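The following block contains the structure, expressed as structure tokens.
Chain nomenclature is as follows: A, B, C and D, assigned in order of appearance, with residue numbering initiated at 1 for each chain independently.
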Amino acid sequence: MKQQMDFDVKDSLQLGGNYGLLKLRPIAQEMPLIEPGQFAQVEVPNCKTTYLRRPISINYADKHELWLLVRRAGAGTNALCDLRAGAKLNLVLPLGSGFSTQVSGRVLLMGGGVGIAPLLMLGQRLLANKTDVTFLLGARTANEVLQLDLFRQMGETHVATDDGTLGHHGLVTTHPVLAEHFDHVACCGPMPMMRAVTAIAKERSINCEMSLENTMACGVGACLCCVEDTSDEGNVCVCTQGPVFNINRLKW
Amino acid sequence: MKQQMDFDVKDSLQLGGNYGLLKLRPIAQEMPLIEPGQFAQVEVPNCKTTYLRRPISINYADKHELWLLVRRAGAGTNALCDLRAGAKLNLVLPLGSGFSTQVSGRVLLMGGGVGIAPLLMLGQRLLANKTDVTFLLGARTANEVLQLDLFRQMGETHVATDDGTLGHHGLVTTHPVLAEHFDHVACCGPMPMMRAVTAIAKERSINCEMSLENTMACGVGACLCCVEDTSDEGNVCVCTQGPVFNINRLKW
Amino acid sequence: MVDLSVNIGGGLTLKNPIMTASGTYGYGEEFADFIDLSRLGGIIVKGTTLQPRQGNPYPRMVETPSGMLNAVGLQNKGVDYFVKHIYPRICDIDTALVVNVSGADVSDYVGVCERLSDFDKIAAVEINISCPNVKQGGMSWGTTTAGAAAVTEACRKAWNRTMIVKLTPNVTDVTQIARAAQDAGADAVSLVNTFLGMAIDVERRRPYLSTITGGLSGAAIRPIAVRMVWQVAQAVTIPVIGLGGIMNGRDVVEFLLAGAKAVQIGTANFIDPQVTIKAIDYLHDYMARRSLNTLSELTMLS
Amino acid sequence: MVDLSVNIGGGLTLKNPIMTASGTYGYGEEFADFIDLSRLGGIIVKGTTLQPRQGNPYPRMVETPSGMLNAVGLQNKGVDYFVKHIYPRICDIDTALVVNVSGADVSDYVGVCERLSDFDKIAAVEINISCPNVKQGGMSWGTTTAGAAAVTEACRKAWNRTMIVKLTPNVTDVTQIARAAQDAGADAVSLVNTFLGMAIDVERRRPYLSTITGGLSGAAIRPIAVRMVWQVAQAVTIPVIGLGGIMNGRDVVEFLLAGAKAVQIGTANFIDPQVTIKAIDYLHDYMARRSLNTLSELTMLS
């Protein structure tokens, strides 16, 4: 059930210069069950120039804590990254429908930049479901390959950096591992990357899911601002029918 | 010369439940000379619902630090009181024209609530000018008689509290010391108090100055929002011709 | 004993003056996890048209200082889908169910009203002559007295329960439009709909919205909305429903003091999905502290 | 080589498009401690009338979400005092000196223009037909094409240097008013003046302002102002000067992309007295980064 919850910022880490990891602990309410790929609408308590909440993908959650991996993309996300331990944060969660967690065959989880955020939880869930996963993580440069250690603990992990400072030199979509056979791909990253992956998956008819990040207002399917034009239903809310879509619904 | 300056919050003290004392240190610029009764336009960096600066009377200033005594009167002043050591604060200062510092005869400095703020600096300046001062401080209750120790160090200090928990029981304007002879009174406090003091001073033709706190926007005499209707010039800016006015200019 | 009930015209009494604004609250269901919907004075469901509409292309929203621009453009599945599939799910919520009605030409508005009239649990319609995000109809009806009168008069013939006419603020004198709606048979007027606005991405040197312009809502517009409600409340005899930038209970009281009989909370639901309940509680406490028993006693002091 | 100079009509060229808005910058002197006034494209001094005015009673201002309401009401010492005592102090500032002209009836406007015309260092007048805070004249002239044309035409005869007409946003179609001003001889139009608004103190149950309503300015109104500038820029051939909620250099670029030839910064000066200089520097860097040499190249991309 969706709810509004207050959290304590237990820990606030600066990652790769341009990112922040907020480790939150619920103050009063019990943590709801959260599916990989779901997101939270996060109030920005400390920014004069923002008005709406910020939709942030859930990086990790258990009974006792919740992680948000935030990219400094503007005033609001900057303010969130600047929050220090001890601050309070109000979230509306869990929102949206996440990635499929019952998948078979060889599975690739592919993330670009902060897009790796939901893949951490997804990997953990798939492993719990006895599904082997391969990770392919892309970033502009080595120190922006986020949470690499955590991914390596979960399985075979490949890396691509635009500047070649770590792993394959080039766009993540040009990584050789993509030449191998996969039955299912879950992907989250910048739009050009997701479009390129969609093209590859369609061409090789790989079952593939994408996590979108359309601009949102309400986050609960009420305002119809965040719509994606789908092949089956036309404009649908990314905040409720997504953020994760099977590519066969996308008109890309 | 007026200037815009960045300060570090060196210390932030909560006083009497409803007040905060911010001790600031200039980051780069040199502290300008500040006259008792002048104020600063204070940016509120940590409040989503405020837009304009807040005019705050300067409580104390020397070459190295500046004190702001703030009453929790709304969202903006609450946010200022909630600032912690280490925060940054931007001020425009020094603004307005302060109290007369060349006065003769027996001098009474009279403050109500947070209105005592400018009297601290004024008392120090008058003592430096070899002028003896008597203080009369009013508040609702004992723990809201602010900076009492500092005033006592400077001279004879009388207190009145609405609930009688300290000093004279009743409004500061009913304190017996007012029956004594004074040649000059400097006063800052709630409007009813200032009007009552004005009446007393006019009746006994005591030279008297009041520090007003009209609602302000620019603080530099440009917008004409904070005007007071004077007997000599009509509407004048409290932010430039004031905040301190001799009562013979006021139409009270 | 504080009684928050209020009559908003056409014999409709709300249990309290707090309603939700059309287009910001879906069909109510979307907020059922957060609040007890039956505590609301009313729910105004999203703009409904005769035919299904896909609305405008994405992007449809951009944040602005203390507000947001939207260009949804009345996306909805049409009145037939509404009465068949949505109405049955929400008709038993114990609150006043109001359907916001939109269209390109008068016959569209009338058609929707006629289709809705068979469904008893629809307490009222809100005739939307103020949507800034559709090429045809919408706001163009609400910017002239003749247009407002034409739509109102036609809908009046097709709808015999409470009829609210929702006004646009994008006019020189909103009191003239309000009077025209009153004279043409409106039971109440609601205002303000959004202000036509625009924002430009200076990095991409393009408008943020696919439609270039959109409707501005949020706290930013509240002072203009309060002024218009205050003007209209003195210009008409029918109830005025106030909206525009209400963020909390204090703001609700501000609109009621300005002369509104009831209010609608919109954009604030995106920021606090429980804002409506908090506002109802604030209003109740505000009245009780001042020993005000009914909303008719909540007036400006002189 | 970035050249920020711009011609705003009537043969007046500004060194850059950043001016200060009337009523927010006094006579410029008030900000001399904070910035080098000669870096400004222009200074528009406060509204000047034929006779001295005391303006409206206090309180005149209340803060609102991302904005403020003011009800100053054109307090000024009159045109004679201005030319005798103020003009001599500011006439040598190396920037375009513009006097904002207000009045109750047409003869007042004309009288001020005639009195100013002897003073060579006044580069332009800005005819204010949009002040919302005076009972007579002001905005009432700017809400009809006939009123706008009447004042503009009369002032045109009395003033042969650059004449800017300042428009009110409180109208249904601002492009009609802009065209009327253009056809009556305006060299440029500036928009928007403030929106008529109102705020109520719910504790005291009274309006915050002595005049009940006031003019809303600040970031809150920017999206509406940008939309109106964009509409007017397509409707007239004379230069459009954009204002309304500009807080920084980014916002300046937004207005220029919307079609403004120059801008005015107002309320933001209260929050950052150095905002004008920061905006000029931002604009210069923005152009340089994109290899744009003149403002005519700073347009929307398609």
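Please note the rule applied: a contact is a pair of C-beta atoms (placed from the backbone, for glycine too) under 8 Å apart; a residue touches a chain by one contact, two chains touch by 3 or more.
Here the structure is a predicted model, which is why all the values come from computation and not from measurement.
Counting only chains that touch, the fewest steps needed to get from chain A to chain D is 2.
Distances between chain centres, each the mean of the C-alpha atoms, put A farthest from chain B. Chain C and chain D have centres, each the mean of its CA atoms, that are 34 Å apart. Chain geometry summary: the mean Cα position of chain A and that of chain B are 52 Å apart. Residues of chain B in contact with at least two other chains: 50.
Shared interface positions of chain C, defined as residues touching 2 or more other chains, are 64-67, 218-219. Taken as a graph of touching chains, this assembly is arranged as a ring, one closed cycle with exactly two partners per chain.
A complete list of chain pairs in contact reads A-B, A-C, B-D, C-D.
Partner chain D is touched in their complex by these residues of chain C: 64-67, 69, 143, 170-172, 195-200, 202, 204-207, 212-213, 216, 218-224, 226-227, 230, 245, 247, 250, 253-254, 257-258, 286, 299-301. Residues of chain A that touch chain C in their complex: 1-4, 43, 49-53, 92, 214-229, 234-235. Residue ranges on chain D touching chain B, taken from their complex, read 23-26, 30-31, 33-34, 46, 54-55, 57-68, 70, 72, 75, 218-219, 267, 269-274. Of all residues in chain B, only 45-48, 50 touch chain A in the complex they form.
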